[in-house]
Amino acid sequence: MSNILEFVWLIPVLPLIGFLINGLGRNNLSKGLSGIIGSGVVLASFIISVLVFVQVKSGGSLDNSYFDFINISSLQLGFEFKVDVLSSLFLLIITGVGFLIHVYSTAYMHDEPAKDFAKYFSYLNLFVFSMLLLVMGGNFVIMFIGWEGVGLCSYLLIGYWYKKEENTDAANKAFVMNRIGDLGFLLAVFWIIAKIGSVNYDVVFSAASLAKFSATDITGITLLLFVGATGKSAQIPLYTWLPDAMAGPTPVSALIHAATMVTAGIYMIARSNALFSLSEFTMTVITIIGLATALLAASIAIRQNDIKKVLAYSTVSQLGFMFLALGTGNYVAAVFHVLTHAFFKALMFLGSGSVIHAMGGEQDIRNMGGLHKHMKITSVTFLIGCLAISGIPGLSGFFSKDEILAGAFGVHGYGKVIYAIALFTALLTAFYMFRLYFITFTGKFRGTHEQEHHLHESPAAMTIPLVILAVLSIVGGYIGVPEALGGNHALAQYLSPVLKSAAHHLEHSTEYILMALSTILVVAAILFAWMKFKNYQGEGEATGFGRLLQNKWYVDEIYTAVVTKPLAALSGLLDRVVEKKGIDGFVNGVGRAVNYGSRQLRLVQNGQVGVYVLLMVIGMLVLFFIQLFA
Amino acid sequence: MGSYITFPELLIWLPLLAGISCFFMKKGEAAKTMAILASCIVLAVSVGSFFYTDAAQYASYNTVNYYWLKHIGSSFFLGLDETGRLLTFLTALSFPIIFISTQKNNYKNPGAFYGLMLLTMAGLMGVFVAIDALVFYFFWELALIPVYFLCSRWGGEQRIQTTFKFFVYTFAGSLLMLVGIMYVYMHTPQRMFGDGSVSDHSFALQSFMGALLQPGEQQWLFWLFFIAFAIKMPVFPFHTWQPGTYDQAPTAVTMVLSGVMVKMGLFGVIRWLIPILPAATSMFANLVIILCIIGIIYASCIAMVQDNLKKLVAYSSIAHIGLMCASLFALNELSVQGAVIQLFSHGINIIGMWIVIDLLERQTGVKHISQLGGVAQKAPVLTIFLVIIALANIALPLTNAFVGEFLMFSGLFKANAWYAVAAGLSIILAAVYTLRMIQKVFYGETNAVTACVKDISFAEKASLGVIVVFIFLLGVMPQHIIEFTKEAVTALIALKK
Amino acid sequence: MDIKAYLVLSLTLFTIGIIGVLVRRNAILVFMCIELMLNAVNLLMVAFSKMHAVSPVMKASATYASDAQIFVFFIMVVAAAEVSVGLAIIVMLYRNTHSVDINFLNRLKN
Amino acid sequence: MSVTTLLFVLLSAMAVGSAVMMLLSKNAVKSILWLIVVFFAISGHYILLNAQFLAIVNIIVYAGAIMVLFLFVVMLMNLNSEAEPVKNYRLHIIGIVSGGSLLLIVLAALLQNNRAQLVQMKIGDQGLIQNLGKVLFTNYVLPFEIASVLFLSAMVGAVVLSKRS
Amino acid sequence: MNAIIFSAIWGIVMMFSGAFIESKKTPRYLAIAGIAGLFLLNFLELYSGTVLFAIDTHDMIRTNSFNLSFLAVVFGSTLLYFLLSGKDVERVGEHVGEYFALIFFVLCGVALSATFNTLLFLFIGIEIISIPLYILTGSDKRNLKSNEAALKYFLMGAFSTGIMLMGIAFIYGGNSNASFFINNIQLGEGTMPVMIAVGLVLLMVALSFKVSAAPFHFWTPDVYDGSPTVFTSFMSTIVKVAAFFAFLRLFDNAFGKVQAQWQVLIMVLTIATLLVGNITAIFQQSVKRMMAYSSIAQAGFMMLALFSLNDWGREGLVLYSAAYCVATIGFFSILIKMNDYTIDGFNGLARQQPLLAFTATVFLLSLTGIPLTAGFMGKFYLLMSAVQNGGNTLLVVVAVIFAAISAYYYFRVIQAMYFKEANTVAVNPEEISGGFKFLLALSAAIILLLGIYPEFLLGWLYR
């Protein structure tokens, strides 16, 4: 096959087929079969993606419209795919990590009844399909189709165990918050349409149409797009759904809520960097939001005791870093961090999954401890993940995070401040990750006896992906070694056709200093955690600041008080008062008035001839008056 | 065919005759079969009509013009244009689905029931094909009367009062429209009939469009027409008849009301209001749009706190209709195109919703969200269908509603960004109440009420299946329906003054 | 004599009749008041006929002035017929209720 | 002031006065008698206008036939004793006021134009019997015939209403 | 002309039949034969202008296709009335022949008041209509309500006669042509002479009384309620439309030229009538009385023809008369059969007597003015006339609003028939003969026919 790009449409279609097979045949397929189908299709599209990647690397690219989606004189909109360096990279991440997680799931979900098992895989496939649509889409609408599709899948998968109400609550929350973002996205799209009547990337980003936009247009559109991103990628103010989303099966959290979907926002902004770079204001906003999110989430993560919640908040925090990178114009770094983060965060989620699996569904780390001796592979791989995310030199996290920090430092004016905060956040990250690690894997076991008796290392189907991801988390960084370390940032060069890497370059000497500084501090943080938690016995009831963190700054409560409750109250008011009493009351009131009039008017007819004649005479008077004098 | 009998006539007479014959059927089964059969034949006819769309070539197939009240310039003038064809198809498609999906409900005196249903069908068809104002008004009322009897005979507890309110409300509205029609008529130019006879005025749509009206006259005429249509749709604040009626009416009728009958109002706007009174339309457009948008948000909010499933759907329908009405008045290509598509999509989707609700109510006997739960365990297939339809209802991409709403919103945005922003809130609110409904009814643990629920039978599977097929067909490849309605849309916006 | 005088006179009689209808409650008296009204009309008719008799306008018909008096004649005829029927009704009522007070006639109302 | 005027005033006074008396008198029989006086006065007016035929017919038909019929009925029911219990005075006031204002309005309108239109008194032959007879049986024969229907129905009415069964 | 003479003659025939024929049935058959003959003779005159009795009317009577076809409508409805409710006339009392005789006399009056060309005949016609009606109203001698109704009707009727005569007097006095011919009234230039104006108002009042237009309608409910139902049916239909026709004929021919000067009066009367009729009807419990008020409401609509003296109005009045007569006669013929005249009396009629219920529904829908029924066409024409007259579209809007309100009380009956459960027997089945059902169906068919193709009737107006 000479030009693999001809067959690029297979990449999304294969998972779709898998979805259909698993979905329709869910009653007849055996677990094994549906597992194989589910993972197989993803593997297939992974292979194709690799080939595509190779092709693209050697300068190929595809921009193809398959059929007219909507085609009217004021809007031509085809069902078009665009495969270039950026999307091909994401294709790799999605299909690759996706495949591993499918495999992992076959074991993790093994206790499910067959039909639910099939349902689960059909959902996963559907997700992969939508995600691929999102990144391959050649215009904003196709991207939006994927965008909402992944939202739907995450809704379905979070609510996968739909019998428990909190799961479905979480699912609804996730969907609605995403919708809020989506509205922003949509409005941006409408804005673009209204301005240039097309949403095709090449058209929109072409200099000609960029010229058509006024400054306000640019700022407005980019801000709205960013609102969309905050929804999907869990940034302030729309991040609270992500921690709750942990209600879903752990592999789902790994795939959707760590590796792929949540990075859609980054992809979207990176994709439309041509627009964003034009709006100084938006960039600043993104920087601030990203930084704030990173700090806030990290601070919360310190005090969480649910193993998945900790990871969730760390995800939010890491996403914050990525947005920080975007905000500072450091797109490459952002994408780079997406890549590495996908590796080590997926790794850690899967690891936590294996732990939970072993603990029989237990998620509270206060009831764990000393798991190292029971499940070596998990423990080791998890440790690697922690090291990676903390940014220990040599591991993938180091390179990407360091590039972000450096980029931030380089920002003119307030760069130093940003850097300081970001660095502090990095330290927090190291601290809470290792808090988690030590509490979970070291010390002595604090759970019940049958749990302890039940402890075991997970099956190969789960450990192998762990190992693979661990390896990737280590080596993944070497595609982006900065010049300072004698590398030639392969990633940056690869992406250069689409993404200009960070504008402001630092002196190598400065970079060395920054690296050293961060490394030292991180190590210190880790040691601190080691001392504090190496044999953890459970801590007393949190007080003051600690409690504030434990309760996540009461953000959920505030939202409830400020948005949810008033809205419900308003609706109730509208329903009870305005609707029933007001409008309908008026309508019925007319009827009642007529009835009343009827009852009164008939009293005039009192049966007295005298009165009748009198009224006639009076009527006559009136007529005479009108006729003769009016 | 052609010169002998035309599509519009077939579409009207077939259900009419079938309906009348149903009245004389003693056996319920016979009537039911008759109804299903007749509606399917009509569907076939309507499908057939799609092969003769070319106006120039097949005029004799699509338009018919009998002399009727010649000396007052009215003739039995019917014709199929793009919009009309689409809506007749919707009607023709809905009724078989409705009959089949609700065939398990057994009504007392079924002959009358199915007869009236078919009469309603005939009336609706007439409304969609009439090109003569008087004929239009005739069918407009004709569609109403059978529904009145259907609702107050076979409805719920407070059926009589509720239906009566609905009737008087609508009747008053249509009478106002009648006054409007008369007034316009008095200003129409002379009309020459084929056989040379002349009447000083005429009811034909063309003459109405040619009527000489001062701007001042147009302004109050506009309201005479608009109120009639607004009540039918219904648009806030003329909507209060609707939730009660949907709640009380037998579900089969509710499907007709919400799926097809509300389209009469929108169709009226497309076919009559805008063409006859373009100046007034553009003058009041913003006012109407604002009214609609208030209605959209208002209805969505109320839907969020509804415990009664039927009322929930009713209010969501108000919101959707409001959006369509608003985008019709935004009157740019995007919005109108979207509205036209949505005319069809909304009909399909909401009928699907009702089918599911009907199944639930029939099996459990309750229609209150708070009393249901855990249906998904008992009836997974039903749940899947419901979820798909519900998602279509909140305009998820790749479903039919997305295309319509996307176009409508972008059209509104083009008209005025803030319209789109305000109306866009409904996207979020819709998600809130729809998901809440799904969660409370289908997820969670089963309870005493829902324990007995069975999964759906073949008939319902089939009808829901058809709906779902349409949902995705129009969702993935909307271009066909767009191609089909393009000219109509461009013709309409061309009227904009 | 000026027509105005007759106008005043007959209208006065007419009004007295009306007032009688309004205030009296004995059916027979009410009926009599109506008769008075008719007579007022008759008087006015005759007066008009005599007015037209001298009015300068070209005469519409040969019998231009007699018309009115013939009309009065017919009024009397009708009045006579009316009286017979009316009294028959009153008598019938009296048979059943032994009263001719119209204020007691309110079985039919509202 | 000529004799004619004098007569006119006298007759008018007589007519109005006795009409009022008819209205006021409690006793039904008295009212009837007063009414007869009114009729005589009006007949007097007819004579004054030289409408002899009507004058006679008025006496015969009204004062003679009709009033006697009334009197007969009243006697039959012996309503001469005051049968009317307490009256509703408010209603009376309203009645009188409205009736009076009716009169005033109409008169006010009629008497506006001060162009005197004279009425032919004492002379003129239109009111003579042979003229009227000729007209009645030539031009007005059809109404005359049809008026019989009126009497027929009156007759039937008498049968229907008062025939004891 | 035929009609006037023949109806008078046949009235006499009926009179003697009542006197000399013992059997109660024969008069009815005679009457049906007579009305058929009357209809045919009138139709003959309309169709070919054949006049059996060549009498020189000295132009006091004028016939043309318009009033002849109106008479055709009237006689047709009377025929229907005899066929549907003839039996019930027999039930009223023993003087069957006399009742029919009186009805024929009324028809004579109707014919007069439809064709009169002089105020004398207007007066005589109206009187010939009224006097027999006083008698018919009181014909149920034992029934106090009937007596009361008769006396009320008589006193007020006589009063209105007085008013009318005063009006005629003033017209004559103000008419410098010294003539009673309605087409020979000197209206003067500009505003009409005061005397004419006064006379006009008085005539309007008197005729409004006859057509029971508010505020001169007070006799209507009591009289219609009190008199035997079968005669109520006759009064409220044939007599009423005749009075209307006279009203229209007079004001159209005599005062049409100065319409602008009195249109506002008609408007006031119209609105008042619509208001009183519709609003008061809503609360009635007795259907009979409700129909009385509804007849007032319908009168309000017919007033529109007077409001706008144009062809739409004239055609509309004829059409409306036909629709109104057939529907009301039909409905009354069913009402008479009911055991209980209250609305609850109709409960469950649909179950017990489907055909009666269905036809009754058709009649009521027609009265409401739902499309496809003659009632709609009538309303449509009259509204159209008002719109074309252009004087006041607001009046039209008011009218349609009241039309919507009228649905309120008509549909109460429909609801009772179809949607309420029966606890008693609404109609004794033995009273419902096959022929009766057939005739009901026929009248329903007529209503639908006129509703779909009014030319069927209107075609005759312009021969």
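Read from first to last, the chains carry the letters A, B, C, D and E; within each, the first residue is number 1.
Simple rule for what comes next: a residue touches a chain if its C-beta (ideal position, glycine included) is under 8 Å from a C-beta of that chain, and two chains touch if they have at least 3 such contacts.
Computed from a predicted structure; not experimentally measured.
K.L.:
Identify the chains in contact with chain A as well as chain E, in label order.
P.N.:
Shared contacts of chain A and chain E: B, C, D.
K.L.:
Along touching chains only, what is the step distance from chain D to chain E?
P.N.:
So the least number of steps between the two chains is 1.
K.L.:
From the C-alpha centres, identify the chain that is farthest from chain D.
P.N.:
The chain farthest from chain D, judged by C-alpha centres, is A.
K.L.:
Between which chains do we find the greatest number of C-beta pairs in contact?
P.N.:
After tallying contacts for each pair, the winner is C-D.
K.L.:
Which chain has the mean of its C-alpha atoms lying nearest to the mean of all protein C-alpha atoms shown?
P.N.:
Taking the mean of all protein C-alpha atoms as reference, the closest chain is B.
K.L.:
Please tell me the distance, in whole Å, between the geometric centres of chain B and chain D computed from their C-alpha atoms.
P.N.:
Each chain reduced to its C-alpha mean, chain B and chain D end up 71 Å apart.
K.L.:
For chain B and chain E, what's the span in angstrom between their mean Cα positions?
P.N.:
About 43 Å, centre to centre.
K.L.:
Counting in whole Å, what is the centre-to-centre distance of chain A and chain C, each centre being its mean C-alpha position?
P.N.:
98
K.L.:
Determine the centre-to-centre distance between chain C and chain E, using the mean Cα coordinates as centres, and give it in whole Å.
P.N.:
Averaging C-alpha atoms per chain gives centres 26 Å apart.
K.L.:
Counting only residues that touch at least two other chains, what does the list for chain B look like?
P.N.:
Residues 168.
K.L.:
Could you say which residues in chain D touch two or more other chains, in rising order?
P.N.:
Where chain D meets two or more other chains at a single residue, that happens at 91, 95, 98-99, 102, 106, 109-110, 139-140, 143, 147, 150, 153-154, 157, 161.
K.L.:
List, in ascending order, every residue of chain C touching at least 2 other chains.
P.N.:
3, 14, 17-18, 21-23, 25, 30-31, 51, 55, 65, 67, 70, 74, 78, 81-82, 85, 89-90, 92, 102, 105, 107-109
K.L.:
Sort out which chains touch which and give me every pair.
P.N.:
Once each pair is checked, the touching ones are A-B, A-C, A-D, A-E, B-E, C-D, C-E, D-E.
K.L.:
Within their complex, state which residues of chain E touch chain B.
P.N.:
365, 370-372, 380, 383-384, 387-388, 390, 393, 396-397, 400-401, 403-405, 407-408, 411, 415, 418-419, 453-455, 458
K.L.:
Using the touch definition from the top, list the residues of chain D that touch chain C in their complex.
P.N.:
4-5, 8, 12, 15-16, 19-20, 22-23, 28, 31-32, 35, 38-39, 42, 45-46, 49-51, 53-54, 57-58, 61-62, 65-66, 69-70, 73-74, 76-77, 79, 83-84, 87, 91-92, 95-96, 98-100, 102-103, 106-107, 110-111, 116-121, 124, 126-127, 131-132, 135-136, 139-140, 143, 147, 150-151, 153-154, 157-158, 161-162
K.L.:
How about chain B: which of its residues touch chain E in the complex?
P.N.:
Checking each residue of chain B against chain E gives 68-72, 137-138, 141-142, 145, 149, 152-153, 159-160, 164, 167-168, 171-172, 175-176, 178-179, 182-183, 185-186.
K.L.:
In the complex formed with chain A, which residues of chain B make contact?
P.N.:
These residues of chain B touch chain A: 165, 168-169, 237, 239-241, 298, 301-302, 304-306, 332-334, 337, 374, 376-377, 391, 396-398, 403, 406-407, 409-410, 413-414, 417, 420-421, 424-425, 427-428, 431-432, 435-436, 439, 442-445, 477-479, 482, 486, 489-490.
K.L.:
Of all residues in chain D, which touch chain A in the complex?
P.N.:
91, 94-95, 98-99, 101-102, 105-106, 108-109
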